[in-house]
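Each of the two complexes below includes chain A, the first together with chain B, the second together with chain C.
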Partner chain A sequence: MRLKDLSDKALRKQLRGEGLGFSSGPFSIRVRSDVDSVAEGLKQLYGNFELNKTDFNDFNVGLFRPYGIRHWVAPQVDFYIDGYRPFRPLPLDQAYPMLEWGLNWCISNFANHLFIIHAAVVEKNGFAAILPAPPGSGKSTLCAGLVLSGWRLLSDELTLIDPKTGLICPLSRPVSLKNQSIPLIREFSSEAFINRVSHDTAKGTVAHLRPPQDSVLRQQELARPGWVIFPKWQKDAEAKLIPRSQAQTFIYLAQNAFNYSQLGERAFAAGTELIRQCDCYDFTYHALSDAIRMFDTLAEGKKGIT
Partner chain B sequence: MKLPLTSEVLSNPALVSDLNLADWDVLVRQARRAGLLARLAETLKGSEWEASVPRQVRWHLEADHVLAERQKIAVRWEVSQIREALAELDAPVILLKGAAYVMAGLPAARGRLFSDVDILVPFEKINQAEAALMLAGWHAQAEDAYDERYYRQWMHEIPPMQHIRRGSVVDMHHAILPRTARYHPDPLKLRAAAVPVEGTPGLFVLQPVDMVLHAACHLFHDGELPHGLRDLSDMDLLLRHFGRDENFWVALPRRAAELELTRPLFYALRYTRHFFGTPVPKTVDDALQKAAPPLLMLMDKLFYRALGPEHDSYRDSFSRLARFTAYIRAHWLRMPPLMLVRHLLHKALISRKEAPT
Partner chain C sequence: MAKLPSSANQRFLIQVFNDEALLFDRYSGDTHFLNAIAYARLKSLPDIEIKQEHAAEMDDVEWSRLLESVDKQLRDWGLIG
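After this line comes the complex of A and B, so read on.
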């Protein structure tokens, strides 16, 4: 049974009771919540996910409204993992994004069996393009544009590399969009579904894009690393790929990994092996459609390689 | 109250073959909350019970095992850097707690996670040692002026010193209990009996009985309750290891009396035995009989809850109150009443958590 097959009432009941279980890539997640916007967000964005019921979950998380005055005046929401709250509460309006941020925090903190880079990652023809970049570089926008144009979404935030195989594990979940990229992606594709926006968060205005059905169905299919591309949106820039040094790219990835120092030698080995297999580029673009054309050309170049 | 699954499995790993998935769901979370998941992982790794760990659970153990292995390397490195920075200090540098267990190659280092390296230096050398560590990149990080004064005037340590590039933290102590505390175990006696770490000149650890006594007084008089079960597990491993030598058991209660630490030792032995089944000779029990607190039944009720993992699976209607009472008790022992009230008010009003990103 898929999440969207549940009635609103059944969904809410389950969230308030034993919790709603589903898998995202290698992780099984169980969410409990008494917040309506969380139920709504899950239904809209995770509709294509299969529900599962297992006695062991990787992450048991909850979003609950505090008792007391903050239930009524300027209401807030708390994020729980294993029964404790690692963060300060946020305004109730940010409950849904808090679920996504909280899950990212759990994965990047606990999953030290994987080498985790802070980067979006998408796949075509069996090869993954890793898009690390500082916030504000247009990484999420480009990632959203690509997955709405036939690329498979692996993750918009966390590139999970299995040090044993060097392969990338998908973690298909909703794509986080900020500020101007929300109307931009709405306009870009009529198929894009974006949920209600939350205002005034730490990251500005945020909303989430529903992951394409194909990405959800294929979330157990691992991908080989193909490229590391640093995107940068620049006004009126022509779409251009400029090769960059593998060594420098490695250092950047190491500095922007969540657990490079925790993994030490394992991360070094996994990172160097990754870079060895990848073509590395800086990429400037202005029009999203030009960028996608360029990415499609790259993917054509690797077609048929096994 | 039933024992937490974490301590049951750590003292009897064979139990894992009887666990169902729902039990594992509890065990992994309890152990992680208690800071004992890595120890559980290392206990099971390579053992005959490893095969009974269900497929879904394995990565959780592996992830923390990876972390603990790496931390051990990091601790060795940090210790070598500290030693180099303090080479000119005309006094022995004594490692305490986790770093001592690793450097002395003790079983208590097994699956031990770290947040800092604790060292003990003579009070009169604190300024010189701080200056030397600063030159090497560590800086004392008090949260505010109150915090600064709290540490410098009243505590047995200076504010945690964080390395500017590596982020590693050194906790530098000059005694094992605060200056404002009820008891004053003489640091000079501890230092005089410290033993050198083999292969690393200039570095010392406390002698076995003192190591156990320090762990006990840290847990029962210093309010380190969030790591309560992990600290008890450390003590369990220390006692089992040192306790193979009969002389250890003779020396332990004597030394406790000498250092005014019989009460914390009484608690430590009572609760390691409760949670981990640690074997303790009857002669030691007899020697410590007078150290039993009044209202022992009540203290049991309190500590069974306050020392267990802070997780829904190990909680009853009394748990919250027990934790709170234990917290106040530890502070009560640390400082005089007026100062305590002021300190708790400050902590309640100023303390902050991080925001998610």
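After this line comes the complex of A and C, so read on.
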């Protein structure tokens, strides 16, 4: 049974009761909540996810409105994991983004059997393009554009590398869009479903793009690393790939990994093996359509390689 | 993997990418990036050869200073004696 098969009433009842269980890539997640916008966001964005009823879940999370005055005046929401609140409460309007941020926090803090890099990652023809970049570089916009153009979404935020195999595990969850990228992606594709916008968050105005159905259905299918590409949106820039040093790219990835120091030698081995398999580039672009054409050309070059 | 000086073999893992290298220090857990000049020094290539390959335009005073700082860095990391 998929999440979208639940009626609104049944969904809310389950969220308030035993919780709603589903898998995202290698993780099983159970969400409980008394917040309507969380139910709405889950139905809209996770509708294609299969529900599961396992007793054990990697992450048991909750979003609840606090008791007391904050239940009524300037209402807030708390995020819980296993009954513990790792963050300060946020305004109730930000409940859904808080769920996504909270899940990212849980995975990046606790999934230390995987080497986790702060980067978007998409796949085509069996090869993954890893897109690390600082905030504001257009990484999420490019990721959204690619997954709306035939690339498979592996993750918009966390690249999960299995140190045993060197393969990349999908984590097909909604793509976080910020500020100007929200109308840009709406205009880019009529197939894009973006949920309600939350204003005045720590990241500005945010909303989430529903992951494509194909990416959800294939979320157990691992991918081989193919490229590490540092995107940078620049006004009026021609779409251009410039090769960069593999060793320096590794250093950047290690510095932007969540658990490099915890994994130590295993992360060094997994990361250097990954880099050895990848072509590394800096990439500047202005028009999303030009960027996608260039990525498609790269993917064509790997077609047929096994 | 390239060969390190024998004293450092147990301590460091090295991965070479073209003329650059990455080192993992098992004692400290630190990772070091060796640019082309540092890696050439680690391999004990002759100074003149390194200069011709990587810094042909540099004047001799500047080159000596650069080599000193590279050697100091390699010493600090425990890679050379």
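Assume the second predicted complex is superposed on the first by the 306 of 306 C-alpha atoms of A that agree within 3 Å, B and C clash if a C-alpha of one lies under 4 Å from a C-alpha of the other, contacts with A are read in each partner's own complex, and residues count from 1 in each chain.
Basically, a residue touches a chain if its C-beta (ideal position, glycine included) is under 8 Å from a C-beta of that chain, and two chains touch if they have at least 3 such contacts.
As the structure is a computational prediction, the values presented were derived from the model and not from experiment.
**Student:** So, A:N60: does it touch chain B (first), chain C (second), both, or neither?
**Tutor:** first
**Student:** With both complexes superposed on chain A, which partner does A:R276 reach: first (chain B), second (chain C), both or neither?
**Tutor:** So A:R276 only meets chain C here.
**Student:** For the overlaid complexes, name the partner, chain B or chain C, with more touching residues on chain A.
**Tutor:** The partner with more contacted residues on chain A is B.
**Student:** Who does A:G264 touch here: chain B (first), chain C (second), both, or neither?
**Tutor:** In the superposition, A:G264 touches chain B and chain C alike.
**Student:** Between chain B and chain C, whom does A:G83 touch in the aligned arrangement: first, second, both, or neither?
**Tutor:** first
**Student:** Which partner does A:A111 contact after superposing on A: first (chain B), second (chain C), both, neither?
**Tutor:** So A:A111 only meets chain B here.
**Student:** So, does A:I251 touch the first partner chain B, the second partner chain C, both, or neither?
**Tutor:** Only chain C; A:I251 stays clear of chain B.
**Student:** Does the superposition put A:R293 against chain B (first), chain C (second), both, or neither?
**Tutor:** neither
**Student:** Based on the A-chain superposition described above, do chain B and chain C contact any of the same residues on chain A, and if so which?
**Tutor:** 261, 264
**Student:** Sort out for me which residues of chain A touch chain C in the complex.
**Tutor:** For this pair, the touching residues of chain A are 245-248, 250-251, 254, 260-261, 264-265, 268-269, 272, 275-276.
**Student:** Report the residues of chain B in contact with chain A in the complex, numbered from low to high.
**Tutor:** Of all residues in chain B, those touching chain A are 20-22, 24-25, 28-29, 32-33, 54, 56-57, 59-60, 62-64, 66-67, 70, 73-74, 310-312, 352-357.
**Student:** Show me the residue ranges of chain A that touch chain B in the complex, using the header's touch definition.
**Tutor:** Residue positions touching the partner: 26, 28, 54-58, 60, 79, 82-88, 90, 98, 101-102, 105, 110-113, 202-203, 261-264, 266.
**Student:** Residues of chain C touching chain A in their complex?
**Tutor:** Residues 13, 15, 17-18, 20-22, 24, 26, 29, 31, 33-34.
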